[in-house]
Each structure stands twice: as C-alpha cells, then as structure tokens.
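Working notes, structure below.
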C-alpha cells in the first residue's frame, strides 16, 4: 500500500463526505494493519477515531469487509468472540478490503463518523478512486 | 507437552490442510497455555494467528474443546462473559484439549484459517497423530 | 488543531524529508493527543510508526518538546518514570508542541524514521509552515 | 517470509542448541512482526518465550539486530524509551534481521534461553542456513 495511493483515497473520501455534508475520519492501513495515512475532519466526535482504525484493521486482517465480518462475528453467529481478537475488531460496516490488480489484499480502509450507510458509501468512493 | 509431540502434530495438521486444499495456522500450547510450537502456512489472513492462539489457550485453560466452551460462554449461555477472561478466549470450534494416556490435560491445539468445520477436522487429525 | 493546518504541516514535513533524502512518518495530534492527520512514507521501518505517535503525544500532553522532556524523564533525571505514564511517552527528540498565536497549546507533531537530528529538523520545518 | 524457509531456520537453530548443550526457544516473524514459526525446547524457563518473541519483533520492526538496538535504546543512549514502544522491545542480543537476496527486510529471528552469547550464536547459525 503506497502512500501516494493512500493520500489519493483520503482526498476522495474527504470530498465525498463534504458532498454528503457529514464529518468523518478515514484510516488507510497496509495488509498487516499498520497505518499508512489518516485524517480527521474538524468537529468529529473523538470516539470515532478508534472505530475507523478498527474497521480498517478488520478488513485488512481478515480479507473481508467489516459488514461481512459482522455476519459471523456476533452473538449467534458462527464465530462469536472473533470480534474480540487482534486487539478488538469491528462488527459493522465501514471497513473495506483494498486489493491490487490481481486480487491480492494490500490493505484496508475504514471510515467512521457519519451513519453506517454513509460511512460505507464514502469508503466505496475512496476505494473506487484507487482502482 | 513435549516438543517432539508438538512438531509431530504440526506436521500432521499441515499435511491434512494441504490435502483439503486450505491454508491455516496451528498453535500447540502446554497445560498453562504457554506456546510449544507454531506454524503459519503461506498466504494466510494475518488475523487468524491470534485466533488459533486463543483457541489453543481456551482448550488448555478450561479443559474443554472450544466448540463446547462456546455453548456456555456466550450471550444467553450459562457463563456469559467467561469468553472475555484470561486475556480473551474463543467461543467457536477449532481448539481441542490435548490429554495424556491417563486423561490428564497436558495442553491444547488451535487451528484457524479455513472454515470452522475444516479447522476442527484438521485439529482432530493432528490430535489423532499424537495419541 | 484544524485538519487544514495539519495537512499543510504534513506536506511541509514530507517535502523536507524528500529534500534530505530520508524516509519518515509524521503524526499530528490535538491538545488531547487524539490523532488529526498522519502519513508514512514508502519503505519506512514499521517500528517508527508507534514512535512518531508517542513523540506527538508527549509534546501535546506535557506542553514541551520531547527532547526537553528527555532531560527529566529518564534514569537520573528529576522525574524518572514519567516516560512510562500515559501509555508510554518518548524521551528523545522529534516531538514538538504546536501552539496558537497566543501561545496556547493546540497539539503536537511527531516525526520518526531518520536520525534524531533529522527528525527534529523535519518537525521544525513543518511547525514553521504552520506558524 | 515463507514457512519453508522458517522451518528450515528453526531446524538449524535447534540442532545448534543441541550441539551446544543448551535449551532455547526460537521465533521467526515476518517483516511486520507477525509470527511465522516457533518452537520451544523441553525444559525451558517459561519467561524466555516472550523474550524471544520480542527479540524477533525488534529486529523486524527496526531493521537492526537487537544487540545494535541496545546501543541506543537504553538509559544514557540516544533514544532512551524507544525500547518501550511497539508493545515492548528487546535491548540485548539474540534478535537478528532476516533479509532477502537484495537486502530487503523480510523478517526477524529471536532466540532466548541460553546465555546471550549462545543465543546470538544460535540465531546466526539459523540465519546462515537461510541465506
């Protein structure tokens, strides 16, 4: 996950958040969940920072979007308690896996601060800007 | 839990994973949940490492397979929150208790990376190789 | 600490690092040490990420540059063990306090990856870009 | 860091420890400090396990052997408190950086359980087996 790609994704996410009239933070991590780039828009509730980081980590470490992860990593799901591994993960939407041209996982993006639907939409716009 | 037995189990687990065409990591711990041997197959999602360690720990520290542990350590179960003790445990299958000839617990094995069914199957093959 | 100022500082830090021919990561935090913006240049040793975060945190939470903090928070210093509070702080240079026009602390910047001298120089260039 | 290389290094380390008549544990991690393979010889003092893991992590995350890291990350060194970042690192010998043919860091190996000199010697034998 190169910095130039990550900053490009951050810019796209920020522009989409402004277009939607919402405030978010955005985290881009590499395939091992180490941070590459991050930004927080002015006025964000501070609790969202850890959330966007965990969304990005979930998508990178498990090779699946956090909304899909939520289907199994929850009470009653097939892998309840999975969400508490790796220092804490996120079992709702807003974290997307980033893949290279051949489908290999190279990182994750997490967005938090708006509604879950808007967080997901913003992350998708950012991911499309990368591809 | 001797190293020679642990490496024997790791080899059996790896061979079974290759036979099934899946990629997993395998952790063997002693009765106090300290690591004895570990391997991670190439290409595994990195989040599975902590999962296999916690599966092995769960089986060793509670003298029961993690699939059985899941029946009580979950919302609605008789011991909800038990899964959050000991630094985090695993409430789904893939962790098996290792016992000596007289039934005493000497360790645990955890497998993660494939479907829960395959993780369990691989752990059972490894355990059979030990017995 | 506004995002626009933080991204301006990140750009200045990155340009200075490129001019010096070094690779660093840069973290900007607010007065409460919550992240505002972050970037990691390609090829950085991954251990530096936590270091730059802790440098920024040290400067923000104690209202002093991490190089000054080091003079007291060390074995033999007047406040030995202070460096182990707040989840871990940094007792060497590369973290600078960010102040507004009237001298109030509004955040911290941390740089890590090059020599301590270069880390400090890069942080100073970024701070000058803010002022 | 491929599993086949890691298991080859573990075997070489174990053979050298047996030749020296000492008992150690050995940890191989990838460039992001995630475990690839691990073994603990029978009879080892349990506290050494965390030590060998931290030695391997130190070498991988800072691209330097833990004995060199010790020269700066210590009281009176140029980067005192660095040893407390990244969840705890090791400021003495026994951790070596693993590089590929072109010099890029691909992981780290840590050995603990014998004297520091023997730990270092064993790690070097394992590294030579890889190269």
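Letters A, B, C and D mark the chains in the order given here, with residues in each chain numbered from 1 onward.
Just so it is clear, a residue touches a chain if its C-beta (ideal position, glycine included) is under 8 Å from a C-beta of that chain, and two chains touch if they have at least 3 such contacts.
Nothing here was measured: the structure is a model prediction, and the numbers come from that model.
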Contact-richer chain pair (by C-beta pairs counted) among B-D and A-D: B-D
Chain B and chain D, separation of their C-alpha mean positions in angstrom: 25
Inter-chain centre distance, chain A versus chain B - centres from mean C-alpha coordinates, in Å: 30
Distance from the mean Cα position of chain D to that of chain A, given in whole angstrom: 33
Multi-partner residues of chain D (each touching 2 or more other chains): 32, 34
Pairs of chains found to touch, sorted by chain label: A-B, A-C, A-D, B-D, C-D
Chain C - residues contacting chain D, complex: 45-48, 50-51, 54, 70, 73-76, 83-84, 88-92, 116
Residue numbers on chain D that touch chain A, as the complex places them: 30, 32, 34
Touching residues on chain A, where the partner in the complex is chain B: 31-33, 58, 60-63, 75-76, 78-82, 84-86, 89, 105
Touching residues (chain side chain C, partner chain A) in the complex: 2-3, 6-7, 32, 34-42, 46, 49
